[in-house]
Structure formats: structure tokens, C-alpha cells
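These are the structures, in C-alpha cells.
Note that chain A is present in both complexes that follow, paired respectively with chain B and with chain C.
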Partner chain A sequence: MSPRPGFVLEVDRSTPPTLFWHGEQFVLERLPAGSRVVYGPEPLAPLADPVAAIRHALLHPLGDAAPLPALLRPGMRLTIAFDDVSLPLPPMRRPDVRQLVVEQVLELAAAAGIDDVVLIAALALHRRMTEAELRHALGDRVYDAFAPHDLLWQHDAEDPDGMVHLGVTDQGEDVEINRRAAESDLLVYVNINLVAMDGGHKSVATGLASYRSLRHHHNARTMQHSRSFMDQHRSELHSSNWRMGRHIAASGVKVFQIETTLNTDTFPEQFRFLQRREWEWTVRDRASFLGASRSLELTPPRLARQILHGVRSPHRMTSVQAGEVEAVHARTTERVYAQQLVPVEGQTDILTMGLPYICPYNVNSVMNPILVACLGLGYFFNMYRGEPLVRQGGVLILHHPTPNEFHPGHHPSYIDFFEQVLTETTDPLSIGKYEESFATDPWYIHLYRTGHAYHGVHPFYMWYWCAHALEHLGAVIVVGGDREAVHRLGFRRASTLADALEMARDVVGPDPTLTHLHSPPLLMADVT
Partner chain B sequence: MKALVFERNLPRFAASRVAAMVAGSGRGAPVGPLRLTDVDPPVLPGPDWYRVRPVLAGICGSDLATVDGKSSRYFEELVSFPFVPGHEVVGVVEEGGGGPDAPAAGTRVVVEPVIGCIPRGITPPCDACAEGRTGGCERVAYGHLSPGLQIGYCADTGGGWSTAGLVAHRSQLYEVPDDLSDDDAVMIEPTACAVHAALDAEVDPGDVVAVLGAGTLGLATIAALATLTTPATLVAGAKHPQQRRLAASLGADEVVTPSQLPRAVRRRSRSLANAGQLTGGADVVVDCVGSADSLRECLAMVRPRGRIVLVGMPGQVHVDLAPLWHREVALTGAYAYGAETVDGTVRRTFEIAMDVVREHKLGRLVSARYPIERYEEALAHAGAAGRRGAVKIVFDLRARPPRADAASGPRARRDRRGPTRRTPKGPPS
Partner chain C sequence: MTLPDTLARLRSRTGRARPSGFPWSAPTWPGGLERPAPQRALGVDYDTDWARRYPARFVRAMLLDNVTRPLTHAVATPTVEGLELLELVALPAIFVANHSSHVDTPVLLSVLPPRVRHRAVVAAAADHFFDRRWKGHLWALLLGALPIERHRVNRRSADLAAELLLEGWNLVIYPEGGRTPDGWFQEFRGGPAYLAVRTGRPVVPVHLEGTYRILPKEGDRLRRNSTRVTFGLPMVPDDGEDARHFGARIETVLGAMADEVRSDWWSARRRAAAGTTPSPRGPVAGPWRRSWALGSAPGDEVDERRWALRRG
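This part shows the complex of A and B:
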């Protein structure tokens, strides 16, 4: 039976309560009659033989690329870059897609007699991955073959000797990327395309870039002109990355892009109820919900976090394509849309969403208030094509505890951003004046290069990610959020969803329309 | 006439210490050696002395330490009992003195309370007094007066917490300009301390300066630093929201909670950190708290060969001085006032303080006024000032109409738990 497409449910009196994520917990909320709930499509059928599919993709590339074996020759310098720990979410069960792809590429490289091969985790300004995370992404065999010989690198955007400036685009944007990648005879990029924003030229132009380069598109103005940044054709973020990507190619960097898509089979059996439609819950689903929610409620928050971050997703690969970047990404985007796109008619006055415990930047870490904002106003708000799900001046209601808590090792500059910048202003256009001092702070740079810290400028990017939503929305209300943290973000806090709806009515007027973005699974609203 | 008198009474001193430990700062008064009693006006000690009738008299952190039995034993020989506390005083000259430039009766004055060589009739004066640095007087326990660092700690002079008045030497009186209100004027003495500290901090243009603490002294220090120095960045740590707002309005470039201050200093000084100790740090850290914790924080935040200025009055503290030794940090105290050199010109600290008070309208820091009869409430309020959204608590010693009306003035209304609103027993302030 083919998977059912996504659809929009209209809530009536017989509709059971709707599931909301609430950080490390989940709750059932009864939405007012007449509300809409947008459900994503069911997980697409996975590739029956992913290894064969990968091999096929490498041998039958898209665009004007030659098959990978034809690009490999003895004595060449080969660099394989791969997406970092921010993808996929949650981390997938072993074997990770990256491992499957990298192993295939390495087999071909070995067959071609290449012995100068380096793997690079394309971190951009993200934190360095731990050994466990690298092992998980690449598999023990690859890790043990490369890491001990210093052939498994993590991109270091602050290594002055490790970066190379390739000039500027026709728009004057600096293009500075990893030297090893740029100076290799072939750069193979291994991508996981979880959402439509990922991949394409963004893989190299962002993943292997420096602050000097990233600042041209990771800024408030760009994000306000990306509507949305999940729709590459209406995204200034992508336009800039595409210019850079083409400049990289024109500079002589030969990129062989391998992109993969995953289905939305997101949670293992014990959490299966999360992605079932509530009225279809079986007795077992109800029991699982009650058991899981009660257990997480009674579990100390740190332990609950540990348990949830230990979840390995049963994601399966739905496609793999390789070759020339743009041709590959066009196919990838089709597959992402096939999995995630849901047609929705018309905007809503109030958009509600439950935010989970995880986002791309807190894998094995703490979901701090800035990341909560970024997940809600950056990622989920932007999961649209056409028009935003919520109308201009509408209200976004987030369900999340938003604890005033930070991981000091992973997010040191976030703490200072929260305490020293957001206390001054929450306007994404105004915070830019602080950006340079955070970006060039020697302590943050030290922690980024030697520890597992996000780069000093990263919290600014998270806030820029919110720029479009902040400009668009009339108010943001966080249900159950920590009062101080929510206010610091410039949002309002409500104790219950009912209170939040009452507050929202003050903004949008009486009898508002309400739409709930149901997650999981991930979905993208195609709003007409 | 009434005055609050502090007597030497060790059991009561101990009791006040316990009470303050249990109930909080400012709560030592009911069981301590401080009592409200009838007193006679103090005797004029000499021809150049004046009798001053206090109008407003502030409650200072050192007063609270005394009332709560927490002041250092170091001061035991530098005060004389019984004394009337109160050294932040604006008042009116009643009688005394003489001569062509003598302040006439009715002149509104502030009192520079340090009792140095000149008021004590010591000639020749000590080196410090000869240079005008009266705060550094070496003879505060000598001369024809009883020992006493300042008016407010000397048995012979009286103090500000009194309707019977105090006596002050001609050299201790400064006429208050008409454009300064009484609230402004009562802030001159603490501001003079802040001015002295700010100038003692030796701030160079471009320095990163951190101020720890945002009570009266901390806020006045921020104002003084903003006026008299040109740091690249002035960062302040303030515990309470009202303090943070005031610190920002007085010139701090960045105001954070005390726990965030080391992080803010680290970022502003662009230093690294190592187990809670900054590798670099602020060029100058001004400690307006004076506790072991604050000193520790200062040591963790100041750069090697930097300067810590201790403004808040400390007592016995236990602090690891290894970083001070290893990083060659200068730790200096900043006590009181005297004469300062600004742009090559020598001026009295009080005169500079008047300018700072005027520029920053520091009278706005006066949060509540209490009649002396309600001293226990006043002291409790002062002890909890920050938490209660207040800064400076003062005694209002003006003669009041006999009507026991509980009308609350605007200032009392501003402080929701202020004196007249909460316990409407006294006359209007």
C-alpha cells in the first residue's frame, strides 16, 4: 500500500486531542472546533537496496558529471567532505547513510589506486564532532582506517593556513573555503538532505566556508529576503550560496556531489504514536503515550534528555543521486518535496506548534532558549512554500518549556549573547553591531577550534534565522516556557494553550482561524 | 531633642550581629547598642566650629555594618563612644564661627565628615592633611577631640542622625549651591567617595573597567567614572533590576547580573579563560561590595598587572591571594576624599562631587525618607534596599508639624514598600 499523502484535518467535536511536543515531554491539547491540523505525508517507501542504489548513482551521475570511477586516478588528491552531526534528526540507526556512501566512494578510490584521501566533516561554524559521533556517522571501519592516521579532519574555519580565499562573486561576496578541499583534484561531498534548505551549493559554500564568507548570507537582511529559506527559488540565502558555488566551480574546484534523502520514519517503535494520527491510535499507541509521557514527566530533566538524545531514528534512504551539484540537487529537492509537501489552502491567524527536544544544533546537548526560538521561528515557521502558514501580523504559539539553561561547553557564546545582547535588543537588524566582536573573540575561537563549541558568531545566526518570522508575526507566545527566558527572547508566555489563545485574540481579533503544524513527521506546507 | 546614640556595649553588639545574621542586614538595631534618646546639642569645640542642624542624613553601608555588629575591630580605637552616627549630612548652619568668609546662620551646607588635623587643632598637620588628603589623616585619634575617623563616629561632634545637630569645623563645611536639592546634597558625601575611587583607579583611555556592586556607592562610582575618566568600556555588575536600569542610565556601557560580570569582562577584554580565571581581564576592577566573594571575583576578572580598587568597606575576609601575587595585581583601597588633581588642577573632592551629582542628578537615588523615630524601619529598609528597588535611604530631620498624618509623598509612593505607605504612623516625609 502506498503511503498516504499529507492532509489538513478540520477539527470538530469528535476530533481527539492533538499531540504537541513540549521539549522533552509531549502533551495532548484539545484544539478549538474549526481549527486545522496539518499532517505530513506518511513515510515514503525506502530504497530496497541502498548500497546498490548508491553504487548506481555513482556510476550514473546527473548533469554533465562523469561517473565517479572515471574521475578517479592514481596519485590524485581526493577529499571526501560529509555533513556533520546536525543531520539527520534524530541521529539515525546504524549504518548511517554517510557511512554507506563514504564506504562506496572509498572502495572506488581504492580500486583506482588513490592513496591521498582525506575525510572532512563539513562543520562550517558548528561544533566539532566527538569520536563517538564520528564513528556513528562513518562507521568504525572508516573511522579506524582514517582517524589514527590524521586523515579524518574536522573543518576548521579559523585555521589561517587551512583556508583559501578564492576571490569574490559578481556580487562582491568573499568565497573562502577549506584549503584541502579547494586544492584537491576532486572534492566529493556526501550530503543528507533532511529538509529542503540542505544541500546543493550550500553544502560546500557553507559547510566548508569561513566566517568571512558566511557573513555574506548568514545575516538578518538575507534571511528577511528568504521566503522561505526552505524554498531555494525564493531564498536569498540560496541565491548567495549558488553564486558562491558557481564561483567555486569557476575557480577550478571540481565537486562531485552525492545527495541522499530520507523518509520521515522518525521514531522507533516505543515512540511510534508520535507520528500516527491521533484518531488512529491503537490501544498500544495510547498505552505507549501514557507510559512514555508519564515516565518522562517523572524522570529528572537531565536523565530525560539523555534518554531522548539516545533515540536512534529508523530513517531510511529514499533516494540517492550524484554528479553535478545543481542537477543533483534538483532531483533531491523533488524527493524532499515528495516526502514533506502538504497542500494547504490559505493562511491562518494563529499558528501553533509543539517543539521537540532536538534541533540541528543541540544534538547530545541542551536546547537553550535561543535554539528554541530558532527551531520555532527559524525552522518550523519557514517550512512553507508560497506564503507563510500564518498571516502577516498573526500569532505563533510555541509549546516548549524553554528552560533558561545552556551547555557551557557547546554553546559558550550563546550564554553571552543571551545575557549581553538580547538584554539590549531582540531586533535581528540591530544585533549586527555586536556580531564582529563575537565572531573574532579569541576565547570563542579557541573553544571552537580545540573543544566542542559552536563558533562565537553562531547565536547571531540563530537569531538571524528568526528574522523573517519576527518581521512577519504580530506576537510569539510560548506555552509553558520559563518566564524570564521567554521574556528575554521578546516573546510572551502563557501557562496553558487556552491562555495563549486568549492572548492571541488580543492581537489578531476575535474568532481567529487556527492552524496546527503537526510534528513529527517533518512537513512543509505548500500554501496557496 | 532626639538622637540615635551608639554605645559601647559588647553583649548588645553581639546580639545585633546575630540578629542581622538571622533576619538580614539592617535588622540588628532593635537588639543592638543603638538607641533613640534625648540628647543635648554638642558643645562647640572651638572658635572655628559651627553648629549644623541636619536636614537629611543618609544611611551608609558602613553605618549598617556598625548597627549590625559587623564592622571590623580595626576601627575600635578610631572611634569614641557614645557616638551619634550619620556622616552623610546636608544641614543648615545654626551658630558659631565668625569672620568675613564664615557661613552665615541659615546657610545650607554639606559636611565633609573626616576629622583631620585641622579640626583637631594639630599643628603642624600630618603629611596627608598638609597635602589636603584629609581622608588619609594619620591623627584621627589625636588632638583636642576624642578619637573619631569622622563626624558620626566621634563622641564630641555628634552626627547626622540627630535633631540636636552636630558640630563641624569651618574646613568641613561646603555651601550647597541653590540648584542642588536636599536630595542631591545628601548624595554629595557618598559621591565624593566615588569620585576619589574613580580618580584613584587610574583609568587610562581605552581601558576596560568593571564595577562590582550597584548600591549607592557602586552607582555613584559608575557616575564618577563616566564623568571623570574615559574607559573604552565600563561594565557593571548589578544584582537587582532597578540597579541595572540606574547603572545604565549613569553611564555603564554594559550592565549584567553579578554572576555574568566575569563573562562580560572576558568578552570585553577579549581574554581567554582558565578554570574561572581570565587570562587577561579588566584593566581596572572597582569593588563596591567589599566581601570575600567580591574580592575573589575581582581577582578572577582583573588582568595581570591590573588594578583593583576596594571601595566597599571590607571586614575580615578569607581570600586566596595567589593570583594577586602571580599576576602582580595592585590592590588598593579608596577611602573617603580630600583633594584631587584633575587635568592638572587641584580641587576638593567635595567640589568635584557636586559637579557629578549635578550632572547625573544623583538626588534621584534617594528612595525613601524616614523620621528618626522610625529608625528601625529605616535601617531595615536600607539593609534590603536593593531587593526592595531602593537605593539611598535617609533620615529626614526637618521639624515637622505636630499632625501625625500619614500622607505619602511621591517618593514614598514610588517605593511600594516604602515607609509611609506600609506603616503609616509617622508624619509626612
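This part shows the complex of A and C:
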């Protein structure tokens, strides 16, 4: 049976309670009659033979690119860059898509007799990956062939010798990327496209860039002018990356882009109820829900977090395309939209969403309050095309415990940002004055380069990610959130969803309309 | 009282209040959504694959040999004729029999040689034997039943039966599509002939006599009666013979076998040669005359309550 498309359910008296993520837990909430719930499409059918599809893509590239074997020759410098641990979410079951693609590229490189091959994890300003994470992404075979010979690198945006400035775009944006990638005869980029924002020129222009380059589009102004940043045609973030990408190409960097899309088969069998529509839950789904939710309630939070971060997603590849960046990305975007787009008519006064335990920046880590804000106001709020799901001045209700907890190894600068900057202001346009000091702090740079810390400036980016939503919304209410943390973020806290709805009525007036963004699976609302 | 009600009452008696409603109970269906027909995989869609795996076959063989056969012999005391003709049959084969009673299948299976009965499936009405999940499980396990759509042509039924024949399974099938209401043959359907033409497997005609008295269609309890099972010569379609023609031949042969049971082999053969074999479908007459004409076969135990049973 072909997967069913997404749709909007109008809640009535016979609609069962709706599932909300609540961090490391999930709850069922009964929504008022007349509310709408947006359900994403069911997972698309995966490629029957992904390896054959990858080989086909490499041999039949899109755009004006030549087949990959024709670009490979003995004696050349080949660099293969790949997306880092922030994709996909949750991490997928082995074999990871990156492993499948990189192995095929290396097969062709070996056949061409190329000795000078380096693999680079395109971290941008994210934390360095651990050995286990690299092995998971690339497979043991690739890791053991390259890492011991120092041929498996992690992009270091603070290495003065490892970066090269390629000039500025016609808008005056600095373009500085990884030197090895820029000076290679061929740069092959291996991407996983989970949401419409990923991929395209952003892969190289952001993934292999420095702070000097990133600051031109990772800022509050760009985000406020990206409506949304998931919609390429209305995203200033996208435009800036495209300018940089074209500049990189014009500078002589030859990029062979390989992009993959995944279906939204996000959780394994024991959590399959998460992806099913509540009225279709079987006895097994209900038992799984009760068992899992009760177990997680009784489990200490740290252990519950470990359990959930140990979940490996059964994501399967739905498409792979290779060749010239823009042609490839156009095809990729089609596939992402085919999987995620749901038509929705009209905006709503109140938008509710449950936030899970994971976002791109806390894989194997803690979802601190700043990341909660980024996931809700940055990512989920922006999962729209056309108009935001919630009207201007409307209310966003998040369901998350928002613990006042940080991972000191992964997010050291977040702690200072939370304590020093957010106590001063929560206005994305006003925090810019602190950005430079965090970005150039030697201690943060040291931790970024040698440990597993996100770059010092990263929490600013997270807050910039929220800029559009903060400008658009009348209020943000967090159900079940830690009081101090929620208030520090500038949001309101409610104990229950019913309380939150009462508080929301004070903002949007009586008899508001309510829409719930049901997740998982990931979806993008096409609001008309 | 339904099971959930019973559980709720028990809970209240034990004083242990439990959460109720979804997800403790089944979800309700949103009013705005059209509810699709439940996909319960019943009827012709019931998957009997499990019943042909070794564990189920082993259980079935144990039950058939140690429970069904002794019980059948006790109730039906079958006399078997023509069993030696099976030596001529290249198995697997299609065993085509007239159908008078639910005991036809146990009787037939219990007289078949082990090599046949332990690798046999029985075509069973999907709407009767597979309309509940428990019934599907029971009959698939006990008899190796296969759901067959009897009211219209169903490709899935035919494909599955043909596939199993080609895999080496013997098929027991009743071409009348259901039990006779009055003891006479009903019109034969084309399924067995079609399968024979399609798969090239031989048809073994089997006539069952006396089972109607044990448990007729409207009957509600078993009555002991002797039965007679007659195997005919295996039949194969002639070159170029279509299913319709072959089906008619099968019906003619079974009719002659019925005549043989009611008289003797030689008389029956002579009538067959002369084209005067009485119609196995009985006279065109009112119900009582049809029943009267049925009479009793030689060796039948006279059932004093026969008419009373009919009325009941």
C-alpha cells in the first residue's frame, strides 16, 4: 500500500487524546474540539537497492557534471567531505547513508589509482565527533583505512593554516573555507538531507566555513528575513549561502555534490506508536506507549536520556543524486517536499508542539534550555512554506521539561550565554554586541579545537535561529518547563496544557483557533 | 457483559482504581474521518501459510491419526472401495467429492492413505469457515483448510490452490460449493476442472454416501451411520479439453458412481453406457418427493427419526 499523505485533522469529541513529546517522555493531551492537528505523510518507500542507486547516481550525474569516474585520475588530490553528527536525527541504524556513499566513492577512487585522499567531517562550528560517532557514520572499514594514517580529519574552523580566504561575494560577504577542500582537484561532498534547509551550496559554504564567513548569514537580521529558512525561495540564509557557493565555484573549487534523502521512518518497532495516528493505535501500540511512558517516568532522567540517545532510527534512503550542486539540490528538495509537505489552510491563533529529547546540536548530549528554544522557535516554527502556521501576534505553546541543565563538555559557552547574556536581554538583535567576545574567546576556541565543544559563538546562532519566531509571536508558553529556565528564556511557564491555553487566551482573545504540529514524523506545513 | 466491563467490575470490587479511557482502552475514531473497513485478513484473505509449516503439520497429523480417525470410524464406520486405484495416481491430485455433510472431510481424510492425508489441504468456504479469526485458526490447523470464495470467481483463491498443487499438496475440494440441502447433488462448479486444466494434475472422483444421515446441513447433532467411500479412476483432461467440458465429465462420472452405490457396479456401468444413468440431482419435484425418491442405499441403517430430523 502506498504511503498516505499528510493531512489536517479537525478534533471532535470522539478524537482520542493527541500524543505530545515532552523531552525524554511523551504524554497524551486532549485538545479542545475544533482544534486542528497536522499529521505528516507516512514514510515513503525506500530505495530497493541503495548501493545500486548510489552507483547509478555517480555514473549519471545531474547538471553539467561529468560522471565521477571521468573526474578521477591518478595523482590528483581528492577530498571527501561529509555531514557531521547533527544528521540524521536520531542517528540511523548501520549502515549509515554516509558509509554507503563514501564506500562507493572510494571504490571508484581506488579503481582510478588515487593515493591522495582525505576525508573531512564538515563540522562548521559544531563539536568534533567522537571515534564511535565517526565509525558509526563511515563504517569501520573506512575509519580503519583512513583514521590511523591521519587521513580522516575533522574540519577546524579555527586553524589559521587550515583555512583559506577565497574573497568576498558581490554582497561583501567573506568566503573562507577549509584549505584542503579548497585546494583539492576535486571536492566530493556527501550530504544527508533531512530538512529542506540542508544541502545545496550550504554544504560547503557553511559546513567547511569559518566564523569569519558564517557571521554573514548566521545572524538575527538574516533569520528575520528568512520566512522561512526552510523555504529556499524566501530564505535569506539560503540566498547568502548560494552567493557564497557560487563564489566558491567561481574561485576554481570543483565540487561534486552527492545528496541523499531519507524517509520519515524515524523510530524503531518498540516506539512505532510515536508515528501512528492515535485512533489507529493497536493494542500493541497502546501497551508499548503505556510501558514506555511509565518506564521512562520511573527511570532517572540521566538514564532515560541515555536510553533514548541509544535509539537508532530505521531511516531508509529514498533518493540519491549526484553532480552539479544546484541541479542536485533541486532534485533533492523535490524529494524532501514529497516526504514532508502537508497542505494547511489558514493560520492559527495558538500553535502547540511537543518537543523531543533531541535536536541537531545535542546528539549524545543534554538538550539545554537554549536548544529547547532553538528547536521550538527555530526549527519547528520554521517548518512552513508560505505563511507561518501561527498568525502574527499568536501564541506558541511548547511541551518540554526544559531542564536547567547543560553539558559542560559539549556546550561550555552556552552556560555563560545563559548566565550572562540572557540575563541581560533576550532580544536577538541586541545580543550581537556580545557575539565577538564569545566567538574569539581563547578558552572556547581551545575547547572547540581540542575537545568536543561547540564553538563559543554557537549559542548566539541558536538564539538567532529563534529571531523570526520571537519577532512574530505574541507569547511563548512552555508546558511543564523548569520555571527558572523558562523565565530566563523570556517565555512563560504553565503546569498543564489547559493552563497554557488559558494564558494564551489572555494574549489572543477568547475562542482562539488552535493547531497542533504532530511530531514525529517531521513535516513541513504548506500554509495557504 | 463484555470483557472490558468484566475487568472494570473486578477492579471496582478489588478497590483498585485503574486509569480508564485511552490508551487503557481502544481509541475512538475522529468523527470527521471516514473509517476504512477493518483489514482483518479474514475470509479469502486469511493467510493459512502457517498451517502448512512443519509444527502445524505435525500437530495436525497427530490429531488426525489419533483423534479424528478413531472418532470418525466410531461414528461413520466407513467402507472404502477403489482405494487401490490411488496407486495409479501420480500425486499430488485433486480429490473431488460430493458434499452432504460437515463430516465428509473427516471421513475422506481418515480413509486416505497417510502419504496423501498428511499432505492434503481442503478447500473450505471462506465465508463460513474463515469468517472469524478463531475459526480460521481452528480449521486451518485441524484440516489444513484453505479459504475458497464460493459465490464468485476469486483469483486469489484459485492462484493459491494452483500454487499449492504445484508445490505437491493434494487438494480435497467439493465442486458443489456447499452441502446439499436434501441429499441430492447440486450443480457442479468449474473450480476443480479449472485447477486440473491449469495445473495438469489428475482428478480423483470420490463418492461419499451416508454422511448426510450423520449430520445433514440443517442438523444439530451427530447420529451414527455407516458410510461408504468410493474412489473412481483418476481423470485427466484430454488434449485441448477445456475446463467446462472436463467439469461436465467429472459430474457425469460422479453421477455414475452415485448410481453404482445405489445399485451395483455392473448395472450402473450399463446404464452409463446407455446414457440412462439417473440424474444425481434427483427428480424435478417437490421437496417431499425428492426426499422420498432418495430412499436408502443398500447397507444403510434405517433411521427411524429421519423425517423428524428433517423437520427439526
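The rule is short, and it goes like this: the second predicted complex is superposed on the first by the 528 of 528 C-alpha atoms of A that agree within 3 Å, B and C clash if a C-alpha of one lies under 4 Å from a C-alpha of the other, contacts with A are read in each partner's own complex, and residues count from 1 in each chain.
Following the convention adopted for this analysis, contacts are C-beta pairs under 8 Å (C-beta built on N, C-alpha and C of every residue); 3 or more make two chains touch, one makes a residue touch a chain.
Note that the structure is predicted; figures quoted are calculated from it, not measured.
Counting only touches as set out at the top, which of chain B and chain C does A:290 meet: first, second, both, neither?
second
Is A:154 in contact with chain B, with chain C, with both, or with neither (first, second, both, neither)?
Neither partner.
Have a look at where A:446 lands relative to chain B and chain C in the superposition and call it first, second, both or neither.
first
Which of the two partners, first being chain B and second being chain C, lies in contact with A:278: first, second, both, or neither?
second
A:15 in the overlay: touching chain B, chain C, both, or neither? Say first, second, both or neither.
In the superposed model, A:15 contacts chain C only, not chain B.
Considering only the touch criterion stated at the top, classify A:299 as touching first (chain B), second (chain C), both, or neither.
Neither: A:299 stays clear of chain B and chain C.
Kindly classify A:426 by the partners it touches after superposition: chain B alone (first), chain C alone (second), both, or neither?
The answer is neither, since A:426 touches no partner chain.
After superposition on the shared chain, which partner residues are touched by A:416: those of chain B (first), chain C (second), both, or neither?
first
A:404 in the overlay: touching chain B, chain C, both, or neither? Say first, second, both or neither.
A:404 contacts neither chain B nor chain C.
In the superposed model, does chain B or chain C contact more residues of chain A?
C
Under the contact rule defined above, give the chain A residues that sit at the interface with chain B and also at the interface with chain C.
none
Can you name the residues of chain B that touch chain A in the complex?
Per the stated touch rule, the residues are 254, 256-257, 260, 263-264, 266-267, 270-273.
Hey, which residues of chain C end up touching chain A in the complex?
Listed in rising order, the residues are 22-24, 26-33.
With touch defined as at the start, can you tell me which chain A residues reach chain C in the complex?
For this pair, the touching residues of chain A are 9-17, 28, 278-281, 283, 285-286, 289-290.
What residues on chain A touch chain B, complex-wise?
Answer in residue numbers: 415-416, 419-420, 423, 437-438, 441-443, 446.
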